[in-house]
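Two complexes follow with chain A in common, the first pairing it with chain B and the second with chain C.
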Partner chain A sequence: MSINIKNLTKRFGGFAAVDGIDLDIQSGELMALLGPSGSGKTTLLRMIGGLDFADEGTLLIEGEDATVSEPHARRVGFVFQHYALFRHMSVFENVAFGLRVSRRKPKISDADIRTRVMNLLELVQLAPLSGRYPNQLSGGQRQRVALARALATEPRVLLLDEPFGALDAKVRKELRRWLRDIHKGMGVTTVFVTHDQEEALELADRVAILNKGRIEQVGTPAEVYDNPASAFVCDFLGGGTRLDCVVADGAAVIAGARVPVVNALPPAGPATAYIRAHDIDLAEPGEAGTLSATIRLIQPVGPQLRLDLNLDGKVVEAVLDRHATTTPLTPGQTVSLRLRRANVYAG
Partner chain B sequence: MSGASGFSLFKRRNRSIIPGFGLTLGITLTHLTLIVLIPLAALMIRPWDIGLSGFWHQVTETRVLAALRLSFGAAFVAAAINAVFGLAVAWMLVRYDFWGKRVVDAIVDLPFALPTAVAGIALTSLYAPNGWVGQYLDPLGIKVAYTPLGVVVALTFIGLPFVVRTVQPVLEELDTELEEAAACLGATRFETFIRVIFPVIFPALLTGFALALARAVGEYGSVIFIAGNMPMVSEIAPLLIVIKLEQFNYAGAASVGIAMLILSFIMLLVINLLQRWSRRWAGV
Partner chain C sequence: MSGHAPKSRVTVAEPGWVKALIMLAGLGFLGFFILLPLAAVFTEALRRGLGAYFEALVEPDALAAIKLTLLVAVIAVPVNVVFGVAAAWAIAKHKFPGKSLLLTLIDLPFSVSPVISGLVYVLLFGAHGLMGPFLREHGVQIVFAVPGLVLATMFITFPFVARELIPLMQAQGVDEEEAAITLGASGWQTFRRVTLPNIRWGLLYGVLLCNARAMGEFGAVSVVSGHIRGETNTMPLHVEILYNEYNFVAAFAVASLLAILALVTLVAKSLLEWRHGAELAATARRH
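Coming up: the complex of A and B.
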């Protein structure tokens, strides 16, 4: 179900946590709200869920005004970072909770509740653990119970607040894939909050990047990664090394070398260039358009070779393919770099 | 040399990183023995001077039975009142910010600090038929001072801090996300309290109830002033023990003491089992 947010503002004291946000979320979309802590992403999510209320602006869910309606009236499912499971209830009772509450009309028979809960537990692969209590489960299992509980009431919108934030890397990866599958299967409009750019880019149909209570950019993962609208977005999405440059003749000139610019070119003059670690190649010494740098540190990480380079006193990070790099490298060695492309912003 | 160091290494491997188990166990046992077990043992031995039938005769005396009934009954009622209102006080102190909150928080502990006799005298003068509160209750036919109701009032006064202080930390730890989750799932405020909050604080409430109850059963100082101490009506068991002691009936006093001990033990055991059952979700 579509969500339309217009000029939404929320202040805590004098501080605007969410500052006039406009955002349209399409029906069935998987949307990520990405930003550093304090950017207002969780407050925005809580306002969509009805856990916080806006000071200004409007929020439409499926065309209906939901700015001030109660959470249950919005029919949203909310998944909390720390699960918020009812620890005195079994897994089964946790999932069944939303089906047993008195506001639920018409009442569902116990037999129907049983089938629905067991179907959901089947879906999250926890059916054999239905009799356990939350503190007998691992973090990943708890989060899956929380998701099943949120889905039990057949919400129009599923909201997840840093759903994988408290989990270890391997479980996080598994759950991501699995959330994607569930979203595909059920098609419920889903909004999740994360500060992990990799998670947002990997999982979402579209990503909204927030900074200081405002939206910096909204787009598909490829759009925002390839064409960051601002220096902040570029920096936040793994912008790489920041270097001073001069914009001239349709390119950025960095320490005398011309580097092609990917994004909309700012006006000629001094500017800031971001070079991603993957966009740096080693070149033959003395080749035209290359820069000379010394190696400070070499770190093989899995298939990659990570280099810390010293370029005129600035530290530049480069990532090479470990198996494609045949020339022997040692710390202290001087090498030639070719910068393949840069994102350049005025100022 | 090498053998000795090998031995100490072997011992080290079996040691827990948390130090002092032997020391603390020793202190605990010594302390409990000196302070609790030896006096209780003396109490247990005493009445056998008069034999089992003598003991039975002492505790089934109608005056003793009436005193025991009053002591335990009033203590139970007072603890139940405290459970309800103590929960409300704790809830207010944890959930809301208001002017004078620190003062209210401090007042809760006063019954701990006040000499119980002072509390008893103060309550008596308040609830006596010509007292500040009593003068308005008297025309309604409600007599507090010098009746079992007065006993309940005194026991409620001394028991309040137990419930507040045991429930408060649990309420403070209660995650507001639980309530938000319940609200999202469609639960009303009432349902959220009954089904989500109450089960979590219930074990602590039970602990507070048990502490208030135990304290009230043994209470003496505040009650004897307000109770009027009429045999069969408003005479509590601890007072009866003192009376028997004054009459040099040591075996009789010890018999009543043992009866109270056994009843208290059974009561606390039941509460303990109930508590374990109410926390069955916490164990693995």
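Coming up: the complex of A and C.
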């Protein structure tokens, strides 16, 4: 069920939370809306779900104009950030709610409701807990109830607001995998909001990166990571260290060393370069095109060796493969760095 | 709600005798101002034995006062439940211009002297009041009749339910309602299946307080009543009349009914706070 968004705008007072957004979401796609808080991603999601209404622009769901239609007419499932489970209803009744209030004629029989709900609870692996109340469940279990509840009405579109925001790292990882499996199994068009770039890149088919109510870039996780369209996107997707550079003769020059540029080169002159921690290698001292830096801090983290380096007074972060690094390193030592690649933006 | 308050780990430094003194002062105050008068009510009522006590209660004017009080409460409390729920719902779950004005207006009966509230109705609906001639033409009597008593009582008690529910509903937010709406529920279904069950204990609490006040109200009711025996005297007014006639046993017998109502309300309130404190949390902090 495709979603087509044209020039969608929402203002709160004088402030445009969503400012003329165009976005096409394909049928069956798993789309992430990624951005910092205040970027308008949740407002956009709420407008798709019919909880907020646009001041300007149009929203089509499956080709039908849904800009001003009521939430129930849109047939979307919404999973709220804090789950919003009905606190006075059991897990079973929470999931059954959408079926009980359904305006479909004829009414769904109790037996059918029971079968549907229990099937969904099987799916989210909560069948044994169907009699529990929300306050008797863990965060991960509540999230799964919320998902089952949203799926019960067989929505055309599933919308999730920061679905894993309130969970600890381990549960989050499990639920991510599990959401992807469910999405694959049901094929329902899914849009989720997150501020966690790793989550967006890991889970989504495509990612839309929002900033100040506008879309900065839309693309597959690989596209947006490899080719950030703007300094904001690059920074937000873990751009690494930001260094001043000069663009000249078709390359970026950082502290006298020429560094290969990944993205479209901005016009000659001063510019800003982003170097990711993984794109820094140690080089032989005195080798051409290298930079000299001092080690401030060495931190072995699992398979990685994290270095904080001092490069002309700027702190540069580098991540090396711990087992491939044979040279002994000590804090205070001066080393040569090779910057493998950089993203460079004007200004 | 001491059960929910974090246990203080600060060591109390005061010596034992200071603590004992403070406690004694507290209990003494409570005994002197609450328990003693309460005991006095029942002692006075039973001074001439159970026979005289019950006789005072089944006397026609007393029965009429009891019936009238119940009638007024039976009308005023449900009306205020509807109004209170509607106002709390509007204030807690929606944004609209004039919201703070509405909040202030809800508090008005708390800040105005009940006598003034009663007078306002006399000025509005009395024989020489603004609407007096119109009402007389249509043969409607409000002041010095049951409608006036109901109106005055409603005015005095209308903050109880709303004031109880507003903080509760604000704390609960609109998430569950929004969830219900995305699941296809209509506005009414959302209210009945989600909003109402979430506030039921808070609502009951508000109803208890509202009812206690509706039955016990004196000032405003006294102004609009006209004190017609057997017709427009509620229990508190009847108590006053009996007392002024030096009929102490009867006065305290009727008063004891009000005292029993107060005790029942107190027990029910404590039960609610004990069983469903979490759902009244906003209130427990305030009172």
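In this text, the second predicted complex is superposed on the first by the 345 of 347 C-alpha atoms of A that agree within 3 Å, B and C clash if a C-alpha of one lies under 4 Å from a C-alpha of the other, contacts with A are read in each partner's own complex, and residues count from 1 in each chain.
In this text, a residue touches a chain if its C-beta (ideal position, glycine included) is under 8 Å from a C-beta of that chain, and two chains touch if they have at least 3 such contacts.
What you are looking at is a predicted structure, and each value in this text was computed from that prediction instead of being measured.
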For the three-chain model obtained by superposing on chain A, do chain B and chain C clash or fit? clash
Given the touch rule stated above, what does A:282 touch, chain B (first), chain C (second), both, or neither? neither
A:88 in the overlay: touching chain B, chain C, both, or neither? Say first, second, both or neither. both
Have a look at where A:71 lands relative to chain B and chain C in the superposition and call it first, second, both or neither. both
Touched partner set for A:253, first chain B, second chain C, both or neither: neither
Dominant toucher of chain A (residue count), chain B or chain C: B
After the superposition on A, what does A:186 contact: first (chain B), second (chain C), both or neither? neither
Could you look at A:265 and tell me whether it touches chain B, chain C, both or neither (first, second, both, neither)? neither
Regarding the shared-chain residue A:133, is it in contact with chain B (first), chain C (second), both, or neither? first
I'd like to know which partner A:60 touches here: chain B for first, chain C for second, both or neither. neither
Using the superposition described at the top, list the residues of chain A that contact chain B and also contact chain C. 49-51, 71-72, 76-78, 80, 82, 84, 86-88, 97-98, 101-103, 149-150, 152-153
In the complex, the residues of chain C that touch chain A are 175-176, 178-186, 189, 193-194, 197-198
Flag every residue of chain A that touches chain B in the complex, lowest number first. 49-51, 70-72, 76-78, 80, 82, 84, 86-90, 97-98, 101-104, 133-136, 149-150, 152-153
Which of the residues in chain A come into contact with chain C in the complex? 49-51, 71-72, 76-78, 80, 82, 84-88, 97-98, 101-103, 149-150, 152-153
Contact set on chain B toward chain A in their complex: 175, 177-178, 180-188, 191, 195-196, 199-200, 281-282, 284
